[in-house]
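Next, two complexes with chain A in common: one pairs it with chain B, the other with chain C.
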Partner chain A sequence: MTLAPASDELTAGATSRRRSARPEGRPPGRVPIGYVFVSLYTLLALAFGIIPALYAVVLAFTTTDGGFAGFDNFVKVVTDFRFLPAVLHVTLYLVIWLVMLVIFVVILALIVHAVKARWAGTTLRFVYYLPGALAGASSVLLWLFVLDPTASPVSGLLHLMGLNSFVQVIQPGNLPVIFAIIAFWTGAGGWIVIMYGALNNVSTEVIEAARIDGANAAQIAMRIQLPMLRKWIAYMGVMSLAAGTQLFVEPQLLSQASNAVVPNDYSLNQLAYQYAFQQNDFNGAAAISLILLVVALLLSWVFVTRGGLFEKE
Partner chain B sequence: MQLFDRAGKGWPDVVFSSQNTDAAWASQKSGGKQAFAAVLDKGLVPQKTLDGFATGALNPCTVDGQVYCLRNDLAQAVLWYNKSLMDQFGYSIPTTWEEYEALGQKVATEHPGYIIGTAGDAWTPEVFMWASKCEANNITGPKAVTVKTDTPECKRAASLLDTLRKNDTVPVVSVFTPEFVKKYTGKVLMMPGPAWYAGAIFNNPQSLNVPAGQLGVAAPLPWKGDDKAVTGNVGGGTWFVSSHSKNLKAAEKFVQYVTTADAYQVDVAPGYPAYAAAAKKWVAKQDASKYYATSLQPIVTAASQIWDGWGYGIFSQEAIWAKTITPGVTSGKSIVDLLPTWQTAIENQAKVDGYTVK
Partner chain C sequence: MTALSTQPRRDGRLRSWSGRSVAGLILVLFVLFFVIPIIWLLFAVTKSSRALIVSNPFSIGSWTDFMANWNQLFGFQDGAVTLWIGNSALYTLGALAITLVVSIPAGYALALTEFRLRKALLVLTLVVMLIPSTALVLPVFLELNTVGLIGTPLSVILPMSFFPFGVYLTYIYFSTSIPRDLLAAARIDGCSEIEVFTRVALPLAAPIVALVAFFSFVQNWNNFFLPFVMLPSSDGYPIQVGLTSLLSSTPAFNPSSAGSDSVQLPTLALATIVSILPVLVVFLFSQRYLVAGMTAGGTKE
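Up next, the complex of A and B:
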C-alpha cells in the first residue's frame, strides 16, 4: 500500500520549482521561516517514527526480562517455519507489483500527457486518481466482492479463467498476483498524476526539435521523455518498495474474509504481528521489523544510486 | 491483553470470548506478568453453580484442573436434516457414519444437486474429525499436545469426506458465503453441524430460510463398531473475569448471572445454554415454537457426548485446517493424502506457540 502520494506530489512539485526559481542562499535579514514549518513535522517524526524505531532496535536485541540477547531473536525468527515462505511471498509480490507499476504507470502517464483534448486529459487523470482516494481497508473490502465469482461484477471473466468459487480464486499460487493487482489499483493513480507532472517539466523546445528531426511519438517517448523521467521512476520505485515490503492490510483482510484460508502469516509484517500479539513475543516481532528495515534500505540504495535520485542537473 | 500487561493497567473486568483458545493463554503467566484470568473454582463461583453446567461444558475453561471461565453456550455437533425432503425422497435417517456415506452415494445418483453436508468451513475438522475420535489435538497439559493423524480414526473420516466431495454431496463450500445460499437453498437434505446452525443458517432469512415444519435433528452418528457415539464442538462462548479486577465480586456476579439466569439464557439467548437447567427450559421453548419438525431431544443428548480427546490449546486448529487442507483439496488433492501435511502443520504451529509435541 503506498502511503499518501498526495504529499509526495507536493514535495516533488516544490523541489522542482525551488531548483529553477530561487538562487542559493537567502537575502540577509530574512527569518528562516522554513525551519518553523519543518519543526512540527520533525517533532512528530521523532515521536512517532524515530523513537519507536529505536525502541524496536532495543527490543530486538533483548530478551523478555530485559537482558541482552545478542542475535538470539534474529536466529529464532529466521528459523521459524513461516519465515522463508513469508519472504518468498513478499518477494514474488514485490517483483510483480514493481514491474507492473513501472511499466503501466509510465505508459499510462505518457498516454494521458499525449491526449490532445483538454477535457479528456483532465477526466482521465481524475479517473485514474479515484481508486487511490479510497482508504486502504475499504478498497480491499471492495476487492473481496470482485474476487468472489458469485458476487463479482466481473464474474464472467473469473468463470472464463476456470475460477468458480472464492476458494479457487484465493489459491496460494494466485495470491501474489491478486495482491499486486489490488495494490496497483489503489496506488497507480497517484503515481500517474505525479508522472504527468514530471512530464510537464520536459521542455517543449526539446520535444519540438525532436519532432522537426522526424521522430515519431514512440521514439520521443523512448529517447527523450523516459530518460528525463528516470529520477521520478526511481523515486516511485523507492516509495513503492518501502510500502511493498510492509505488505499487511491486503493479506490480513483477505485472511479474515476467507476464514483463514489465506493464512494470517502470509507476509513478513503479518508474521511480526503474530509474534507480538499471538505469541506475546515482542522481541521476535522487533527482530522481524529490523530485518525488513535492513532489506528495504539495501534495495532502496540500489534504486537511489542506479536511478540517480539525488543527482543535480 | 499483551498491551495491557505491558502498560500495567487498563484490563477490562470481564471479557466475552467466542474462541475456545483463550483459556489456554489467559490462565498462564506470560513474560513474568500475572495471568489475566481469575481462577473461578477456588471459592469465587459457588461450587453448586459450577456443578450446574452440562457435563464437559467447562472443558474449554479448564486448564490444569482449575476453571478459568464460565461457558455461555454449547456448540455440540448434531445431525440436522430436512424431514420433508427426506420423506419426499423416501430416505431414512442414517444411524452410523457408514450409512451416511452410503446415503451420499444414493443422493448423488438419484438426486444430483442435493447435498448432505458441507466441508468448506474452518470448523469442518471439528464436525467430522473430532466426531471420529481423530487424535489431532490431544492437549495433555498447559504446554503439551499429542498429534497423530495417521490413525484409522482419522483416515476413516478423511476418506468419507473425500468420497462425498467427489460425488458433490458434501461440497467444499463455506456456509457463510453467497455461493452457498445461491447454489443450495432448498437443496440441503442433511447437514452435520453445531447446534447454532439452527438460527444461523436454517431459520435465517439471509441464509437458507427453511420454512417451519421442515427442519429435524438427529443424534450424532457413531462409527460402526464404536460402543457409543461421540461428537465434536464448534465454539460456544466463554466469560472470563480479570484477575486484576478491583470489583472481583461484582464481576463474578455478572458473569454468573449472564450464564445461568433464565431472563437471558432462556428468554433471549439464541444458542443452546451451557447451564443445564437453563438448557432444559430453552429446549422446551424452542419445541413450543413449532418451527422444528422433530423433538430437540437429540441436541440435549449430544451435549454430553462431546469427545474429550480433542482439547483446547492456544493455537487455532481451525486456522491450520483452513490454510493447509482447504487449498490442498481445492487444487485436487485428497484429505487422506494430506493427513501427513496436516500433522506437520499442527506440530509446527504448536511448537512455535511453545508446546512440546508427542
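Up next, the complex of A and C:
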C-alpha cells in the first residue's frame, strides 16, 4: 500500500524553490527552523534506517569474533545447500505472481472503468479491495481453510483438480502458485483502485474522439488506455518485485500448519531467520539480509532516479 | 449503398455485445474469487467443528456453537487472546502517536522550509519508502540486539514509528495544498516559525493527519515479521503473531497438538476474524480517504 512518487515533481519543485528570492523559514543569522522540525524524524531515520543497514554491512563482513571476514560470510550463505532452492522458490513465485498481477489487474481495471453505473463501479472496487484488510498472518490463515479440502468452501473445485487432502494441495510443486494466489487475493484490489484512478486521468475527449473515429472498446483499451497505464504498470511491477523477494509469512505459516511438509527454509528471508535464530549465526543472517536489502535498494533507486517512468505526457 | 453501410455496424454491435458479456463474466468470476473466502469465514464461525466439515459451506450454524467457539478462543491459555489484542493496541497506537508527532512537522519542513540537508532527506525518504518494510527487519533486530532492547515493547514501537511514507504524504500535501502566501502573511503579522506551523499550517492539515494515521494503523496492526522477530515471549505477542500459537494448537493442522488446550477449526476461523476486526472497521469507515490517498501521488493537475 504505497503511493507513486512523482519524482520529477520533487526535483522540479526543488529547483524552482531554490530560485525563489528569499528562502522561507530561515530568519537571518539563526539555525533554519527546518532542522528543528525534521530533527525527530532524522533521529528515527538514523536509528531504524541508516544505522541498521550499516551495521548489517559491518556484520556481513566480519567473523563471529569481530575480525574482518572479507566475503567469507557471503560465500558461506550462497554455497549453503538451502540457498539455491530458496532463490528458485522465490523466483518462481515472483514470475507467477507478477504475470497474474499485471494481466488481471489491468484487465479488471479496464472493465471496471468501463462500467457505466456509478454504484456498480464503486461496489466492485470496494469488493476487490476488501481482502486488503486481511494482510499478513490473517490472510494466510484464511487460505489454509480454503486450501483444506475437508473444510474448504471450494472443496468441489479442489476435488475436481484431483486434490483430495491438504497434504496433496501443498505439494512443493503447487506452492509458488498458492503463494501467488494468496498475494494476489490480498494485494490486487489496491492496485486495481490505483489503475482505475490512473484511467480517470485519461482525458475523455481523447477517448470520445477515438470512438467517433470508429474505434471499439477493445481498440480504445489497447491503443489509448494501455499505453497511458504503462508507467503505472511499471510501478506496480517494480514495487511488487521488491516486496515479493521478501516472502516470509506465507511459507512460515504453511510450514507450521503442514508439519514441515513445507520446509521452514523455503524462502530467502526464512533462511536468514534460520541463520539468526537456529544457528545463532548473526553474520550469516546479516549477509543474506544485505543481499535482499541491496536488491530492494536497487529497485527503489532505479525507480526514484529514472524519472522517465513518471514524466509528464 | 445502405446495405453496405449497415452490415459492418450490425457486426460491430454483435461483437460489442459478446465482448460485454465476456467482460461481465470476468467481473463476476473475480467478485466470487475475492468474496467467497470472506463470506465463508463469516459462516464458519457459527458452526461446530463437525458441522464445518459435514454441512454446506454456506449454511449458517447456531448461536450456541458461535458462543462455544467464542469461549474456546478467549479461554485459550487463560485469556492469551485478550492479552495479544491489548498488545496489538499498545504497539499500534504507540507507534501511531509517535509517527504523527514526528512525520507531520518533518513533512511540513521538507515542503515549506529551506535547509541544507533538505534534498538529501527527501531522497532518503523516497528510497526507504519504496523498499519493503520487511527488508530492514533483520538488520534492525541485529542492531537492537546489541543494545538489549529485544523483547521490550519499544523494540516494535520505535521501528514502526519510522514511517517515511507518512512523511512523503505530508510533504506532498503541504507542497500542493497550502498557499505559501498564507504562511508569509502570518510571518508578516508577527508569528514565529513555530507559530506559523502550529497556528496556520497544522489546522489546515487535518485531512493529511487522518490519512497518515490510517496507513500507519493498518500497516502496523497487520505487521507480522517485525514483532515475530523482536518478541520472543508469548506474553508480548501482538494478535497477528498470536495467531501462529493458535495455529500450532490446532490438531487439524498440527496433529501432535491434540490435548486439553487445543483449538478447533471454527475457533481458528473466529480468531482470524477477531484479528482483523479493527482494521476492517477502519477500512469500512475510511474508504474515501483510502482511494484519495493511494492515487494522490499520481494525480497531475
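By our rule, the second predicted complex is superposed on the first by the 249 of 313 C-alpha atoms of A that agree within 3 Å, B and C clash if a C-alpha of one lies under 4 Å from a C-alpha of the other, contacts with A are read in each partner's own complex, and residues count from 1 in each chain.
Note that a contact is a pair of C-beta atoms (placed from the backbone, for glycine too) under 8 Å apart; a residue touches a chain by one contact, two chains touch by 3 or more.
Small disclaimer: the values here were computed from a predicted structure and weren't measured.
Between chain B and chain C, C contacts the larger number of chain A residues. Residue contacts after overlaying the shared chain place A:Asp65 against chain B, while chain C stays out of touching range. Of the two partner chains, chain B is the only one touched by A:Gln168; chain C is not. In the superposed model, A:Phe81 makes contact with chain B only, not with chain C.
By the touch criterion defined above, A:Thr150 reaches both chain B and chain C. By the touch criterion defined above, A:Leu158 lies against neither chain B nor chain C after alignment on the C-alpha atoms of chain A. In the overlay built on the shared chain, the residue A:Asn259 is in contact with chain B and with chain C. Once the two complexes are overlaid on the shared chain, A:Ala276 sits against chain B and chain C alike. Of the two partner chains, neither chain B nor chain C is touched by A:Ile178.
Overlap of the chain B and chain C contact sets on chain A: residues 148, 150-151, 166, 258-259, 276, 282. Looking at the complex, you find that chain A touches chain B at residues 64-65, 80-82, 148-151, 165-168, 171-172, 258-264, 276-280, 282. Taken in their complex, chain A has these residues touching chain C: 1-7, 10, 13-14, 17-18, 23-27, 32-38, 40-42, 44-45, 47-53, 55-56, 59, 104, 107-108, 111-112, 114-115, 124-138, 141-146, 148, 150-155, 166, 185, 189-190, 193-194, 197-198, 201, 216-218, 232, 239, 242-243, 245-246, 248-249, 252-253, 256-259, 269, 272-273, 276, 282, 285-286, 288-290, 292-293, 296-297, 299-301, 303-304, 312.
Taken in their complex, chain C has these residues touching chain A: 12, 15-16, 19, 23, 26-27, 30-31, 33-41, 44, 52-53, 57-58, 101-103, 105-106, 108-110, 112-119, 121-132, 134-136, 138-143, 145-146, 158-159, 161-162, 164-165, 167-169, 172, 175, 180, 183-184, 193-194, 196-197, 215, 218-219, 222-225, 228-229, 240-241, 243-244, 247-248, 250, 252-256, 265, 268-269, 271-272, 275-276, 279-280, 283, 287, 290-291, 293-300.
Across the complex, chain B meets chain A through its residues 2, 6, 25, 30-32, 120-122, 172-174, 176-179, 182, 316, 318-319, 322-323, 326-327, 330-331, 348, 352-354.
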